[in-house]
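The structure that follows is given in the form of structure tokens.
Letters A, B, C and D name the chains as they come in the text, with residue numbers starting at 1 for each one.
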Amino acid sequence: MIKEGDYVIFKKTDTMKIFPVKLNKPFMIDRFKTKLDNLVNKPFGYKYEIKDQQLHLVQNTLSDDMNKVAIFDKDNRNLVDKSANQKLSHDEIEKLKQLEDISGTEIIDRLIENSASFSQKTEYSQEKYIKKKKEKYLAVFEILKPTIRTLSEYYILGNHKRKVLNMRMDTLAQILTYSNVAAYRNVVVLESCKGLILASVVERVAGFGNVINLSPNGSHISTKEILDYMNFPPEYTQNLYNFPLERSDKLDEYIEELNKKLAIATDDTFRDKQTKKLELAHKVNEIFKTKKVDCLIIASKFRPSPILEKLIDSMAPNRNFVIYSLIQEPLIECHSFLKRTQKAIHIELSDSWLREYQVLPERTHPKNNMDCCGGYLLTGITVTNE
Amino acid sequence: MIKEGDYVIFKKTDTMKIFPVKLNKPFMIDRFKTKLDNLVNKPFGYKYEIKDQQLHLVQNTLSDDMNKVAIFDKDNRNLVDKSANQKLSHDEIEKLKQLEDISGTEIIDRLIENSASFSQKTEYSQEKYIKKKKEKYLAVFEILKPTIRTLSEYYILGNHKRKVLNMRMDTLAQILTYSNVAAYRNVVVLESCKGLILASVVERVAGFGNVINLSPNGSHISTKEILDYMNFPPEYTQNLYNFPLERSDKLDEYIEELNKKLAIATDDTFRDKQTKKLELAHKVNEIFKTKKVDCLIIASKFRPSPILEKLIDSMAPNRNFVIYSLIQEPLIECHSFLKRTQKAIHIELSDSWLREYQVLPERTHPKNNMDCCGGYLLTGITVTNE
Amino acid sequence: MSFCKTNDTIKEGDTVIIYFSFNQLQPIKVKRGSNHHTKYGSFKHADLIGKKYGSRIQCTQGTVIVLQGSPEMWTISLPHRTQIIYTPNISVITMQLDLKPGSIVIESGTGSASLSHALIRTIFPTGHLHTFEFHLQRSETARKEFKEHDVSDYVTVYHRDVCSDGFGKEDLADAVFLDLPSPWKAIESAKTAIKREGGRICSFSPCIEQVQKTSLELARLGFVNIFTVESLRRVLSIKKYDLPDFDFNMDWLKYKGNGQENENQNDQIDKNEEKPVPKKIKKNFNESDDSDDEVDGSTDATYTAKPINIQPGHTGFLTFATLLHKDFHKV
Amino acid sequence: MSFCKTNDTIKEGDTVIIYFSFNQLQPIKVKRGSNHHTKYGSFKHADLIGKKYGSRIQCTQGTVIVLQGSPEMWTISLPHRTQIIYTPNISVITMQLDLKPGSIVIESGTGSASLSHALIRTIFPTGHLHTFEFHLQRSETARKEFKEHDVSDYVTVYHRDVCSDGFGKEDLADAVFLDLPSPWKAIESAKTAIKREGGRICSFSPCIEQVQKTSLELARLGFVNIFTVESLRRVLSIKKYDLPDFDFNMDWLKYKGNGQENENQNDQIDKNEEKPVPKKIKKNFNESDDSDDEVDGSTDATYTAKPINIQPGHTGFLTFATLLHKDFHKV
């Protein structure tokens, strides 16, 4: 059920938008003004329609497509190709949409009235036309719960692909299995995906383990976005440690530095800050120095090989690492390092391929477009040479 | 119809073998002795069975699979997993096969008798079992005509992939379209595919044009194999010129050298040889020097970029080239050269993907295995900077 | 000029392709006295005449390239009247139908004639294409185009519904190609149309149910070696890459924006795909804007090939089969 | 030791994976007093006990590595009782079913329990897997394996035909996974088994007809967001490459074998895939034999990544759907 403070995803055909649920805060979505008050204590996943600036649950009706067989006997042999089948101009349609009191249904009726070819279309094409227009003009949205699954769709659907390094759902899914992330693991994550990977890891560890989030300066800013959307319970994030990547290879030095700062600290705020930093450093040091890292995931904008070289020695033997890259060359470099040093076995470079299908009676086929750029993964298992 | 002197392809499930049709020449195929005399004046494509050391046409029966719907109600829940379901040992089966007078059908009967699980299998599994065994033990072969299509299957099916640089049918097909090979073209080919590409080009030019086959020393040896199988009519190959690649960048010099040799020639055989070489050189020179090359295809074991640099200037503007490589790096190098010199536009690097489907009632699905290694193509169009 | 021959110079009346970039091509008919307006300004048709194909044409504000009409160029620039068949599938169809100069081919429907041009190119000068289209306007347009493209000697266009009326041909064709909503309705007639010594057939269908019905009908009518494939081509763009090294010795705290700083500095890799190239650069003919990074002379630049993001994931299924020599069929 | 936790040292009774190479892995149960024979000679089980997982084990004639049993290692080494689900599909299933620690999952059939182990790993320690199998022997073997792998606290095995008898569960599961010949027969019961607040369902089927029937039934029963995907993973092997330059100045006539000479010299690229590696080299543990070229220290070696030739092109279709909160369904 939706609660105040949750984030919700508005979905309509191929667009998704994300909003926090705040009471009595009207805002605009598409051309509609609405408030989210009505969503509280309502279920996720249903369709809601905006009426009177509020969202109302719409019952799902059985998809018409599913029950209707395409009719091949009617055909379009007499449909003459004309560019001007729609008599309303773009501007006229835009003006129509500005009318305060016009409903989506009315707009669609007007479009049909003014379509020269509508009556000549096959029944199937007519339905397709109406469905398309409905999706465009009706104020009906699916309200989805932000989950790793829906968020990963959100980033790929919108123009946010680059924000998550083009990370496709299946690639992310493979990162999580091949790294063996689960409860009771110490997981080290270095990512530039707005927290998509970090949030996935936090969810799979669920508080039963430790998650070390490495980033320049230990900043959580670039990974916080998706963690916020996920709205995790506090026990999930209590063992999440945001630690500076640049300190990860000189922990002793860093601890010494912090101790020195602490020793000369006079200001309470400063002391608290240093104490916290020191606790964090000790925690990370404890895991790194005793080689207790169970899973290592690198999916960052930096060249992975030098980073892997620094971090792999903190891993226990027989543990899994996964490195993601949009191109294969940086992973070939990591592969060379691993082979040369014999620090790992079962090293595989792979790419992934995902295609969706349209499954409808008499009209089943793979979707016409696909995302061909799922990136590459290098996976492997650490071994000991002792 | 099959003629004496033709090559024929024997096909059985996943093996293909190729033989010339010679009269009264018995040979062994699998464990069967046969002669090909009976094939003369018989049609290609039919199945033939070896009986009494001769091949007899077998009528195709409508595939049983097609008309039978899988029965999901019968299932294998009571079939107990046992490794020793077949009571005959490997050695016993081998001995059985050595028996002179045993027919394939009899072997299959014995296998069924000795299969512990056969009677417990579903009807569908039983059929599958019999079909598999039939394919293995009956002396029935499809006799196929060697065409580019069947030969490209032959090389990929057998362990001959490397001989044709892993050239998959769809990749070869794309080479032929993107190079714009057809009648009335001057085509330059440099290939290390046993003549697969050369033969395709010769067929598509069909004598209406010129085909220059470049190779080290102008040797046709490495490309002759598939041309022989194709058994082209003489007009197809009359304009096929096998020319030394190492001379292609210094034609004047080469002609001069040949002229000199001819001038001092005393021996008739030697003179004839030089005269022929000179004619060939003049022909190639005429096409190269006047920039009359219409299509350039490179699919060789050599680094393509330096070769492309030498050959591209012999091409007319607005003509097509295609370069094939199993890996992408050599093509990236060609791409850099072309971009830098602005000698071409519409330069595309691509790979191809081909998957076969099993289409049977209630059992339709993509085939479980696929060839993932179709290689890369670099295609482009020459332009003039004049 | 002819779409199936190679030509050197542009003549009046030629259909030429004005090439802006990978996805921007425009066929025009050269007519003395006309002007052509492009986003790079305009040029006079008269200036084209006598020029070599493959030349750069100076417009008032930039350069374009003028290319000869060829089947492949036509496929990516033609006016769509229907869904068309693209070159990767055309390639496989041509190979699997064993086509070469001299082949007699039957095709239905003609559609936008994307495939037709490629078929003609392969079978001319001694072969012939019989192409059938049930939509009157389309069949007339195709006939007109074939004439304009100087290939009408090698093709006959029929306005006819082959599913109800058949091809009306007997023992004529080496190969039959079907691109119909209900291809199974035309197979019996296709069988009649194929030569006595047999031939090949191909059916192109977007949906798997069509493939299933077609395969059953092919089997019922005695076709053999029935198989179905999907063939896709994936284009890779070539990009310069330069992943930054993380500097373990830098004081990242002092580096601006802590953590988000080089958001946009990094992936040169995707730049072109996602951000529209500024108009200013587009003014001059510069193909690399569309897909590849500019290649510079420096030898230490490193390039990688990366698939273009969204590409065709499905066009249709291709079902092939063989009809064996008719005289040896058991009746 | 447990398959879903990470363990450091080997104990008696552990099921460990003996790792020879990519495709050669063997699970064994460590039993003091036993010997294990491999192609590299034999070792004593007793020698394993107390060793670290991920250690090299000296056999009489070579070295192997001993690995902990994990869901992914189990999937590639388990004894097949049925067709199994592999890690790329397992990954997508786990993600699309929104699984995490605490999830209650229903699975049928158990099969070879490849997926089951991975599901348990993701949902433990607070979740539970209910797995149903209609084949008695298989269900018993799975139960025994779960015990041996120390995961039986998180899983209940049922011997039951869910198509005829249903799951017998109500408002219990967050997610249901079906891998059945006729999955549509189990969907109504699956709906009952899903929690009142709704949940996710996945059906895995090799054939498209199964997908069609399943999708229709899901729609009929009010599931939403029904969609089907195929997910494949392609492995690339890393090879040294060195295409020879053609020497335009060489006298090729004198070069041995005119034209065919460097037949085998050239493509180092394919060597390993096609030719079996000589036995001699295999004697020592050397993973690179199987897929990658030996990487040497020299910095000027150039490597490329090339897809392994024959790979899975299809495993099955994955159909997913959502059941919304049951209390808000219109009846």
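Going forward, contacts are C-beta pairs under 8 Å (C-beta built on N, C-alpha and C of every residue); 3 or more make two chains touch, one makes a residue touch a chain.
Chain labels with UniProt names: A, B = tRNA (adenine(58)-N(1))-methyltransferase non-catalytic subunit TRM6; C, D = tRNA (adenine(58)-N(1))-methyltransferase catalytic subunit TRMT61A.
If you're wondering where the values come from, they're calculated on a predicted model, not measured in any experiment.
With each centre defined as the average position of its C-alpha atoms, the distance from subunit A to subunit B rounds to 46 Å. The distance from the centre of subunit A to the centre of subunit D, with each centre set as the mean of the Cα atoms, comes to 25 Å. Distance between subunit C and subunit D, defined via averaged C-alpha coordinates, is recorded as 40 Å. Residue positions of subunit C touching 2 or more other chains, listed in rising order: 208, 230, 234, 304, 317.
Multi-chain contact residues, meaning those touching two or more other chains, occur in subunit A at positions 328, 355, 361, 364, 366. If the chains shown are joined wherever they touch, the resulting network closes on itself as one ring, and no chain has more or fewer than two partners. All chain pairs in contact, by the document's touch criterion: A-C, A-D, B-C, B-D. Of all residues in subunit D, those touching subunit A in their complex are 4-6, 8, 19, 22, 52-56, 65, 67-68, 70-72, 87-88, 90-92, 94-96, 98, 100-102, 118, 121-122, 124-126, 197-198, 208, 211-212, 215-216, 219-220, 222, 224-238, 287-288, 291-292, 294-297, 303-305, 317, 319, 322, 324-325, 327-330.
By the touch criterion given at the top, residues 1, 42-46, 57, 59-60, 62-63, 66-67, 147-149, 152, 169-170, 172-174, 176-178, 180, 182-185, 203-206, 208, 294, 316-320, 328, 331-332, 335-336, 339-340, 345-357, 359, 361, 364, 366, 376, 381-386 of subunit A touch subunit D in their complex.
Within the complex formed with subunit B, the residues of subunit D that make contact are 81, 134-137, 161, 181-182, 206-209, 230, 234, 239, 241, 243-253, 255, 258-262, 266-267, 269-270, 274, 302, 304, 306-317. Remark: subunit B residues 72, 75-77, 80-81, 159, 161-162, 165-166, 192, 215-217, 219-222, 244-246, 249-250, 300-304, 306-307, 310, 326-330, 355, 361-373 touch subunit D in the complex.
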